[in-house]
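The same chain A turns up in both complexes below, where it pairs with chain B and then with chain C.
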Partner chain A sequence: MKAAAAARIMPALVWAAAALALWQSGAWLLQQRGVALASSKLPYPYLVAVALFRNAGSLLAEAAVTLLNACEGFLLGAAAGVALALFMSLSATMERIAAPYAVASQMVPILGLAPIVYAIFRDENTARVLIAGYISFFPVALHTLRGLQSVRQEDRDLLHVLACGRAASYRVLRLPAALPGMFTGLKAAAPLAVTGAILVELMGAQRGIGVLMLRHLYYGPTHAALFWCTVLLAAALGIAAYGITAALENTLLPWSRTSGRRQGRGLR
Partner chain B sequence: MSMPYSTSSARSGKEASGKVEAERASGVSEHVAVLVTVEATAEGALKGDGEAGAADAARQYGAADPTAEAEAGVELGAAAGAEVGAEASDASAAADDRNRTRTSPKAAPAEKGRFMQQGTAAWALPLGAGLALAAIWQAGLIHAVLGLAAYQLPLPSAIFRAAADNAGLLFRSAGYTLLEAAAGIAAGTLLGWLAAAMAAAMPRWGSGALLLAASLGAVPIVALAPIMNLWLGDGLASRAAVAAAATLAPMAIGSYRGLTSADSASMDLMNVLGAGAVPAFFKLRLPSSLPAMLTAFKISTAGGLIAAMVSEFFYSSRGLGYLLSNSVKIARMPLGWACIGAAAAAGIGMYMLVQAAERRLLLWHPEFRRRLS
Partner chain C sequence: MEAGSAVAAEIEMKGIGMDYGGGGQSPAVRDVCMTVRKGEFAALLGPSGCGKTTLLRMIADLLEPTSGEVRVSGSAPRAARLAGKLGMVFQTPALFEWRSVRANVELPLELAGVPRTDRRERSESLLRLVGLEGFGLRYPWQLSGGMQQRASIARALAMKPDILLMDEPFSALDEFTREKLNEELLSVWGHTGCTVVFVTHSIAEAVFLSDRVFVLSPRPGRLAAAVDIPLPRPRDASTRALPSFHELVDGIRGRFREASA
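Take a look at the complex of A and B:
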């Protein structure tokens, strides 16, 4: 069991080491060739690590604020996405009406919408939650609808012969069939929700990792290492969001083909 | 659906013009007129075809008056009812003979009617819902409910005026942004697919590459924009790179899911038949990966366009994103909303392109056919 886990983690570690080596040599190359703004373009990884360690407290506190807001928005958006998918699967008319608008709504650039949402609610937390929800809504709706429609005709026929009503057929057949697709959507949406929350923070919130990112970007080359810290931390938040969702899927849907545990492989 | 039907019947009609004369008098023209009318009104493109066809037929059989031909043609094309003028019967009879060489005229009208209904419902319903919302918005109900002023949320009429006044600017900006997005999406799709193929071929090492790709997608666009700007300058390439990074992760995950979704019985069959890994990949895994891959592509086109726009907010002097952020900054909210509308139109256009491609590529796929039925 332990050996299997080690075998799973090993390749990821090797890849990470390779990326780190690439980063180090890239930074070294930039410094050697005397490229302008080399320390901003790619600071040495150890400098970033030192900055991360020194400011761990404040960085993590801001990251927690961001993650919490993203989480609220994510749950809201996911619930709305699943609801829309259900509506669209229940009625073809609804699907026809909603499908173009679901796509169109996703095309509205969130950052442009942020000041409007902010003006309407006059509260940065509400704005963050709403934008994070809005951005995670579309992937969940699309994937859940696919899952709901992926039911085999034979199974539908069987339930029809057994005189199952619509509610029963959803409970017994369609909703379970939709769960793997739903989790695919959730896994795609989780990092997006973090992105959405950070976007709003860049618009002028008081707290959050995005605020720090903007501040260190404006301070210029002296704060380059700290800026890279915030970028890495933002990426880590996104990955953590994905990881939590994937772990949830593995726990809740052990039978699902998409959960990696069964085939003993890493990321799925 | 209907275009090949018409063109092929026109061809066969010319070939069969000798036999036609005798049958023309036999009074079959009535239900045929219905058929031609229904066919001609089914779609806009078809309408032109119907006109041309009727005029063509009339010319072939030497009708006396050229203007009457044209009128007959227009009437055939435009009239929703089955009323066809006396001077048109010649033309419609000719059309009948041409149609009859291909299919039974009795079955055809019903089928055409069904298609027409579906076609109309497909655009009429969303359009109607949208118009209703716009009317509510224009009437000020949204403002009343949310307590907003007109400068916060402009009325649709103001947005339309701004869009009409700046149509050229909007088109140029949208074209530029679409170029950035398309370049980025192409690069990101290719890289994402390669990562997925690698992960599928070599699960042990490839999954690490997939993790790397996924983490690139988790980096917020707004953090990537300044970095790419530092690396690649403030040209088209830096925005394309951001769009590529945003596209890469969903493509990698979706393609990987598709590539590993081939059912195990089929894989066993490939093994039994002694097919190597390469034929199994191209004949089984790749085709069965298409549905999941195209779904991922749908998401990533939207993501790529948004990424291109959002990175324009920060370092750019061209494009839709720049125009939008600038309009909001100088309090020209109607133009900002017009930008949002243009972005939505561009995004929907891209989505429809992908959907058309999906239809072409997936018609063989059982799951897709079930979705259609």
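Take a look at the complex of A and C:
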């Protein structure tokens, strides 16, 4: 078991070490060649680490604001996505009614939508939640619908022979069969929700990691290390959002083909 | 089962025709008449595309013939299905992967509203019957193909059906597993006494299992012969060594040669 855990962590460690080495040598090269403002373009990793450590309190406080709103939006968007998928799964007609608009909704650039939503609600929290939800619902709806429709013919025949009604067939077959697909959608949507929340902050807000990002970018070279901190932290939020969703899937759906458990822990 | 009922007809097919494409150009099945007796083990034997699965699906009310009439226990297949008289085993185990083996076996009972304690009792005895005792809490993917198909048989028997319909249930298994499951199926059938309609394209399998083999000719599927299998029961692995077993297999093989000549 210990060896297996080590084998799982190993690739991540190698990647992290390689990225760090590349970063360090890149920063060093820029300095060596005397590129103007080299340290603001690519500060040494240790400088970023120091900045991260010194400003941990404020960085984490802002990140928490972003994450909380992203979570709320994600839950809202996921619920809307699942509801839409259920609606579309009821009949081909309903899918024809809803699908084009679901797709069209994704054609609206979020960059344009964010200021509109903000202008309407005049509240940055609401705007963040709505945009995070808006960006989340589509992958969830798409993958959940695919899951609902991917029921095997034999399974349907079985329920037919057992004289199972429509409501019961959703309960015992279609909904559980759709869960892996739903989680595929959720895993895609979770980091997007974080991105959506940050996007709103970049368009104008008082709180959030995106606000810090923008501020340190404007302050220029002296704040380069802090700017990098915000970028790294934003990335970490996205990774965490994905990781938590994936962990949830592993816990809730140990039987799923896509869950890590089924791949890693066969009994035979 | 009451005495004398062994000769009563459980399944009757009269003038069955099936034309998927319409227009009558190339029917899948044409003018099939056959009767399966109560308590009988009947095989539908034929090469791929002869319509044997089509016939089975008609009995299961999964398909309606374009011509002719199917009667199951004296009524329409639909009535038999709604009365819970049918159990079905498919080519794939068709187990729900989010349910444990036990929960899969209990599915028909659950849908019928059987209380939990009764369900548990029944599933335990079914799992014992098919040799899966102790595997109830595993998930289907943790079982071998043969074990999955055994679970599927247990599920089909959950509601004590009068008729067990089996659609090439062992065709995806290797020969050794298949022969073993054939033997086990006969012992399970001996315990239940239900009528079985077993679709297969293996002559030896059909002969080994059945009281009667309905031989279907290739497309369009027609009934080429109904062969009685008078091999003694109970049958086991040694049955396959009997000269009469091989004569029956050769006889049926001959029928196919005639039909395709």
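Heads up, the rule we're going with is that the second predicted complex is superposed on the first by the 262 of 268 C-alpha atoms of A that agree within 3 Å, B and C clash if a C-alpha of one lies under 4 Å from a C-alpha of the other, contacts with A are read in each partner's own complex, and residues count from 1 in each chain.
Convention: a residue touches a chain if its C-beta (ideal position, glycine included) is under 8 Å from a C-beta of that chain, and two chains touch if they have at least 3 such contacts.
Bear in mind the structure is a predicted one, so any value in this text is a computation, not a measurement.
Using the contact criterion defined above for the overlaid structures, shared-chain residue A:I198 touches chain B, although it does not reach chain C.
When the shared chain is aligned, chain B comes close enough to touch A:A12, but chain C does not.
In the superposition on chain A, contact of A:K187 is made with chain B only, not with chain C. Legend: residue contacts after superposition of the two complexes on their common chain; A:L37 is shown touching chain B, with no touch to chain C.
Legend: residue contacts after superposition of the two complexes on their common chain; A:D123 is shown touching neither chain B nor chain C.
Counting residues of chain A touched by each partner, chain B versus chain C, the larger count belongs to B. When the two complexes are superposed on chain A, the residues of chain A that touch both chain B and chain C are 257, 266-268.
Of all residues in chain A, those touching chain C in their complex are 152, 154-155, 157-164, 168, 172-173, 176-177, 179, 253-257, 262, 266-268.
Within the complex formed with chain B, the residues of chain A that make contact are 7, 11-12, 14-16, 19, 37, 40-41, 93, 96-101, 103-104, 106-113, 115-116, 119-120, 138-139, 142-143, 146, 149-150, 153, 184, 187-188, 191, 194-195, 198-199, 202, 210, 213, 217, 230-231, 234-235, 237-239, 241-242, 257-258, 263, 265-268.
Remark: chain B residues 121-122, 125-126, 129-130, 146, 148, 152-153, 203-205, 207-212, 214-215, 217-223, 226-227, 230-231, 249-250, 253, 257, 261, 295, 298-299, 302, 305-306, 309-310, 313, 321, 324-325, 328, 336, 339-340, 343-344, 346-348, 351, 367, 370-371 touch chain A in the complex. Of all the residues in chain C, the ones that touch chain A in their complex are 60-62, 81-82, 84, 86-88, 90-92, 94, 96-98, 107-108, 110-111, 138-139, 141-142, 144, 159, 165.
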